[in-house]
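Should a chain be cited, it is by its letter among A, B, C and D, assigned in written order, with residues numbered from 1 in that chain.
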Amino acid sequence: MFAGHSILVMLAVAMAGAGICLALTRPRQILATIVAVCAIECALAADIWAVVLRDGSVTAAAEWFYVDAFSAFHLIVLVLVFLLSSIFAGVYFAGEAEAHAFSLPVARRFGALWLGSLSAMMLVLVSNNLGIMWVGMEATTLLSAFLISLHPSRLSLEAMWKYLLICSVGIAFAFIGTIFAAASLQSSGGVEGDALFWTRLNSPEVHLDPTLMKFAFIFILVGYGTKTGLAPIHSWLPDAHSQAPAPVSAMFSGFLLNTALYCIMRFVAPARHVLGGDFVNGLLIFFGTLSIVVAAGFIVFQRDAKRLLAYSSVEHLGIITLGFGLGPLGTFAALFHTLNHSVCKPLAFFAVGRLGQRFGSHDMHVLSGVLRADRLWGLALLGSVLALIGVAPFAIFMSEYQLLRAAIGSGAWLVLVVFLAAGGVVFISALRHLIDMAYGEPHAELAAPHNGAAAVLVVAASLGLLLLLGLWMPGWFLGALGAAAAVLGARP
Amino acid sequence: MPALLETIAAIGLVSCFALLGTSRIGACIRWLSLQGIVIGLVPLLAHDGGFGLRVLLLACGNIALKGVIFPLILLRLRARTDYHREVEPFVGFVASVLFGIVALAVSLWLALALQPALRHAPFLMLEAAIFLVSIGLFIIISRRKALMQVIGYLILENGIFVFAVITVVTTPLLVELGVLLDAFVAVFVMGIAVFHINREFGSIDVDQLTALRG
Amino acid sequence: MTMSATGLHWFLSPLCALLLAPLLPGLINRTKALVAGRRGPPLLQPYRDALKSLRRGAVYGAATSPLFRLGPVVNLAALAASLLVLPFAGIGAPVGFAGDLIVLAGLLALGRFATMLAALDTGSSFEGMGASREAHFAALAEPALLLALATLVRVTGAVSLTPIYAAIGIATWAHTLPTLALVALTFVVLELVENSRIPVDDPNTHLELTMIHEVMVLDHSGPDLAFIQYAAALKLWVLGALFVGLVVPLHGGSLWLDGAAALLGMAGLAVGIGMVEAAMARYRLVHVPQFIVGAATLSAVAFIVYLA
Amino acid sequence: MDVFLVALALLWVGGGIAAVLRARPDAAQIAGQAGAVAGSAVGLAAAIGVLVSGRGETLVAFWPMPGGELNLAIDALSAFFLLPVFGLSLLTGLYGRSYLAGRGNAAAAASWFHLNTLTVAMALVIVAANGLLLLLAWEVMALSSFFLVIADDRQASVRHAAWTYLVAAHLGTSFLLVLFVLLGSAAGTGDFSGYIGVLRGNPALSSAIFLLALIGFGSKAGIVPAHVWLPEAHPVAPSHASALMSGAMIKVGIYGIVRILTMMDAPPAWWGWVLIAAGASSGVLGVLFALAQHDLKRLLAYHSVENIGIILLGIGIGVLGLAHGMTTLAVIGFAAGLLHVLNHSIFKGLLFLGAGAVQHAAHTLELEELGGLLKRMKWTGTCFLIGAAAIVGLPPLNGFVSEFLLFYSGFLGIAGASATVAAAGLIAVVAMGLISGLAAACFAKAFGVVFLGTARSHEAEAAHEVAPPMLAAMAVLALLCVAIGAAAPVVVRSLGVVVAQATGLAAPQVRAALAPVAGGLGNATAIFAVLALAAALLWLVRARRLAIAGAARGPVWGCGFQHPTARMQYTASSFAQPLTTQFRLFIGSRERLVPPAGYFPETASYASDTGDPFLRLLFAPGFRWFSRVVAPLHVLQRGHIHVYVLYLAATLVGLLIWGSLWQ
């Protein structure tokens, strides 16, 4: 199939799926539909990726859609996260307590919003026009808001309101940034009309106004950074992640944050081009490091498992941002880390969510002896958290190693020390909780677990992938990462 | 037509001060709708490119949404939710107005700073845009009621809209419509959220929403 | 294997030790008695005691295992073996090689370890107490011994006992008097500590609570006891020889003269110890460590004095 | 190299099967044991092959990982360090099944997977010739041993110990990360050959790398104060795992230090001093802490710290010799250190297996609960006695040989020309003297209280001899202790090739330097032969006399106590009390003394309890302080949405101001 079309088909399928979910009459059907749609999206995304890797980029609908190696890579991660999360959603909602019964209206709302968010994120990734990209981004906020309070309760509503308001305001700023960017092109006598097109903005022959570009980038960074969860504007993140149903938290950590970061990175190339590396990299390194440190500090005194994972997301997004600021090798490491984190963190949320259902709480003092209570999800929790805190042979160890190479390569000694110190803090405190959760005797007397094939599949696939990438990086994958990094003007 | 533009800018500023000063939500909403209508006219006057179909459509859409539909939604919402209809700010009205004056000065300065970079943006409008944004933020930060925060957000939106219209000569229609759609959905969603909050908490005082900490 | 003594004389030094060692306790006790104004036991009393208990049968406590019987044997064998590296007077050691001083220390430690285990094997609290004290003081005495030897090594530049003692002559004393004197003092202290003489321990007391070495061997009887008594004498001899070789640095070349001088030296040492025992009372146990550590410091000072 | 790979494959297949078959524990245990034994045997053959032939083997293959390459190399040094790894793995494999037989559950079955993985990882660390590969194996090593430590996870103390262990491992690894990344970016490659290229003739970089290595690898080796995880982790792991960890794994840390040293030019003198200081402090403090313990395995763990100190003393003197160009000194120093690596793995493995046997038989390791086991567990007791005598460094066992070398190097330094070297030598000699004296005291206590006297509890009374495979494993190690002691000259001579590589000196030079000391050891062994002869003779005499005069069992003069009870025996605490009180300053043990009062005292008791002072006074307060420091962060997240939006605005304004100032 010709890739240009498959972009359109991809979007169409997602939206159609959202519509169908509203029409279906059985929760099970809806959950099945979600999985099916995500599977199709996977195939399409793979097709697009293949084409992109072959001939550089794919455009469609008269330049409105444009996919290069960078966005194609994110696309793959996106569909992967959604596929796994959708499969898990089936497992999760089947096990919901009566209080949170997964009734038809709830199911419909979930299905529609879920696939709606998917299509919105896809729109962000494939759109060439920065305006449309912004529209998509705002749409993800609005659509995913009600996923948080799928079962309205005081806490979930509080979390949802904070998410909604803070992110909307932030993204409004991002729009100002976008306008500044367009203006910077225009005021330097650029051709009118297509001022908002990234291909145009990024083409080497145009000349941009540095002042405007500078402010543009600041607004973009703060605006989309809010949604990326960069400290100190991450405050909505732990609330939303801790209150949303597990599949939703997984999807948030797994890709929503990365989508926002992706938008920032779209502006990095032209900004570097105009302002030189120091300005942009300096900002990225600063916010990345700050996020790592703040997250480490907060992780020390967490009690709720999902909050802990949320702060860990702040940390890891900080790591990725930091990587993007550390030159070619850093960019490569950041992309690698993106994939690893997006596979690992959802798994952790799955495990905590599922175990939380069985123990009736996410409090880490209540969760105990999970390996005995539920071997499968216990292993998932153990493996994913160990991977998250950077234990080899899991892939995150490798991407952090690459990041260290980048840091030393660019002589960022202070950053190196801070990174390792914060990493140590996270390791110490998270491991303490992990051991007490995973091992020992469960406090509560629980029925024997019944984990279907779907659950096993999710766990095995995620852990397998993490192990594989930690030990073995196929050449073509390496090439793909390299190409993606090259889009940001960096080739390792 | 600079004269008209200046009038619009003036009305915009006045409406902001009114929003800062009034203690009743209903009044706030009405001022907001006035602001919306006036702001909606800007595209028609901003560029002397004449009235294209594009511009017309844009203007009508804005006026319809921000001048009419949003206020109606908000009023309905207020009728449904808010029992005592005071704004109940953290920051008193006088202080708010004082802040407004300061903000005005600052945005003046900023506009001056930006002017050289954005040559063909009418100066007053630029200032008004910045002012609107800052006031929107201030209201979100300083008001207790969820409803007022929505209003603050809309003021912010207005500011950004003005800014977009006067700086970027021509943005593709598709984008404009997309932005409008988003704004609409945003208000819609926020409305539902406020409604839910009111049902759960028995009020829309967001200061009660502090259970999630640390 | 370097024959440090010419011809057939190499076995003389161990022979002297094996034959004459029991004379030392005899001499000590005799001196003590004379100073105290008594006649005291005959010089050969230790021989008699040993032979008598050798002929006796043995009684073993209920708790003991074969290790209890093995202890005295190993102890005596170790001390006997240590004679092979011990230079005596002009007569060098039968076996002299680089590092033999380490072997000497090792053998002493082996004997001590065996004795301690045998004591613990009785399961009685008194033997246990004795073993504990022995372990305590030995742990402090070992560094002292090594320090003293290290100083001699530094002075003579040799790492084997025989050459070390061969190298120490009147001339050496002449220009390193303070160093050697301090080392000699250390050896005296070690002689007293390792053989649990007054002022460290009183072998003739009858209050087990205050004993160190004697209380460890209370339960031994018969041949075991004989071995222990003989081993004690040998230990006196071994450490004494280290001291005497240092303070009687006569290498006239004539075997007999040197030997005679050395024997006289040993006798003198024994008499001296007797005097000390007669003159002094034992320290309270808590002061013994300070006594030993003091000795170690003497050697450290000696070393530093020489280094500077 | 193929043989080596086959060994790893066998180990891992066996472990894998064990992990898969966890549903059927017995089958799983058989598979795991088979893999461990067979694989280790093959691996041992490979290592010995390299040592004998003297020809190193290498394997370079592509590894699709940026900065990494599948680059393996077995040279003499690696082969030498492979000996304890595979040797102990073989014996622990032999030992393990009977030991785990008590708890034939799924977890026990799975523990084989971790055990074999640990062996594989250690072997890979030792043969890796690429920084990233080494790091990966290093981490796997830490992880698999972590799972072994937490095997008995129902007790909170075990979980805490496992946590301490993995934290220590991770903090150490982060230094190694910096080390290898730094070298890699300087050399532009991850391979050791490249490292050598940049390290030669670059003293500044070399010193930095040396310090990083000392901390990173040293934390695994257990240098004070990074030793705190040892006494936590080793006691709680299954005993054969403790044996493997204490006997082999901490040596991998030593290997790392030595390997890094081989990559550099002749080291500056201060490295030697640093190593000697670390060695002396670790040695003395380790044995002092050990004295105060009354859990057998904790005590043994602290002795590992002590022996690591001894090893470092040797290496330190060797480095000092290299720095001053004193070849003989360098050679003998390194020889002492390396030989002690081997020896310690033998007798410490033996002692841990013995402790396991005791636990298996008497269900406790609390010294005050044990006693009189020698009569019930003759063979275990004998093996343990040999191990104890060896670790104390008594002739004629293997411990004495390496300590002889160390003393000898010390005396050489003292006899030598340079005054500074003489001072270093004196420090080494005195420290060693103190260490061996204290060690003797400690093991007199340990062996005496556990195996001698009478039982202090019913469990100890009911103890029985353990299964033949366990005995076999211990017997082999005991025999090795004796054999190395007896064949000392041969052993020392054959160290030449390893030492040559460690020091970078020419083989003939090394052989020339080792020849005299080997000769000396020859004489020593002769003397020990005489000793054995004399002992035998005396035994005969004694037997004859008693045959005539008769030997009776019965009450002896127990100072008037005609009916001694078990409770009258000297306890471990009391035995060590004089020394622990004397060194209270260093040990910081908390003593509880209830002195007898009045003429007819009812009760009087003495007990001492020594938690690790570094853990108690340094690390734990540090952690508490840190969590106190970060606690105020709460304030940033109080739940007020207005404040959050304010953060947003503030960030924006701040950035805008900064941006407008930025040029």
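Everything below uses one rule, namely that a contact is a pair of C-beta atoms (placed from the backbone, for glycine too) under 8 Å apart; a residue touches a chain by one contact, two chains touch by 3 or more.
If you're wondering where the values come from, they're calculated on a predicted model, not measured in any experiment.
Novice: What is the set of chains touching both chain A and chain C?
Specialist: Both chain A and chain C are touched by D, going by the contact rule given at the top.
Novice: Among all chains, which one's averaged Cα position is nearest the averaged Cα position of every protein chain shown?
Specialist: D
Novice: Mind naming the chain pair that shares the most C-beta pairs in contact?
Specialist: C-D
Novice: Looking at C-alpha means, what's the farthest chain from chain C?
Specialist: Relative to chain C, the chain with the farthest C-alpha centre is B.
Novice: Express in whole angstrom the distance between the two chain centres, defined as the mean CA positions of chain C and chain D.
Specialist: 36
Novice: Distance from the CA centroid of chain A to that of chain D, rounded to the nearest Å?
Specialist: 44
Novice: Starting from the mean Cα coordinates of chain A and chain B, work out the distance between those two points in Å.
Specialist: Roughly 31 Å, centre to centre.
Novice: Would you kindly tell me how far, in whole Å, the mean C-alpha position of chain D lies from that of chain B?
Specialist: For chain B versus chain D, the centre distance works out to 71 Å.
Novice: Could you check chain A for residues that touch two or more other chains and list them?
Specialist: Correct list: 158, 161-162, 165, 169, 238, 298, 301.
Novice: What residues in chain B touch two or more of the other chains?
Specialist: Expected reply: 137, 140, 149, 206, 209-212, 214.
Novice: Among all residues of chain D, which ones touch two or more of the remaining chains?
Specialist: 634, 637, 639, 641, 645
Novice: Which two-chain combinations touch?
Specialist: The set of touching chain pairs is A-B, A-D, B-D, C-D.
Novice: Can you name the residues of chain A that touch chain D in the complex?
Specialist: The contact residues of chain A facing chain D are 158, 161-162, 165-166, 169-170, 173, 214-215, 218-219, 221-222, 226, 232-233, 235-236, 238, 279, 283, 294, 297-298, 300-301, 332, 386, 390-393, 397-398, 401-402, 404-405, 408-409, 416, 420, 423-425, 427-428, 431-432, 435-436, 439-441, 471-475, 478, 492.
Novice: Can you name the residues of chain B that touch chain D in the complex?
Specialist: Of all residues in chain B, those touching chain D are 90, 113, 137, 140-142, 149, 206-207, 209-214.
Novice: Along chain C, where are the residues that touch chain D in the complex?
Specialist: Against chain D, chain C makes touches at 1, 54-63, 65, 67, 69-70, 73-74, 76-78, 80-81, 84-85, 95, 97-103, 105-107, 109-110, 112-113, 116-117, 120-129, 131-133, 135-136, 138-143, 145-147, 150, 153-154, 157-159, 208, 218-219, 221-224, 227, 289, 303, 307.
Novice: Once bound in the complex, which stretches of chain D touch chain A?
Specialist: 64-67, 132, 135-136, 138-140, 143, 150, 153-154, 156, 159, 162-163, 166-167, 170-171, 174, 177-178, 181-182, 184-185, 623, 626-627, 630-631, 633-634, 636-637, 639, 641, 643-645, 647-648, 651-652, 655-656, 659, 662
Novice: Hey, which residues of chain D end up touching chain B in the complex?
Specialist: Chain D reaches chain B through residues 634, 637-642, 645-646, 649, 660.
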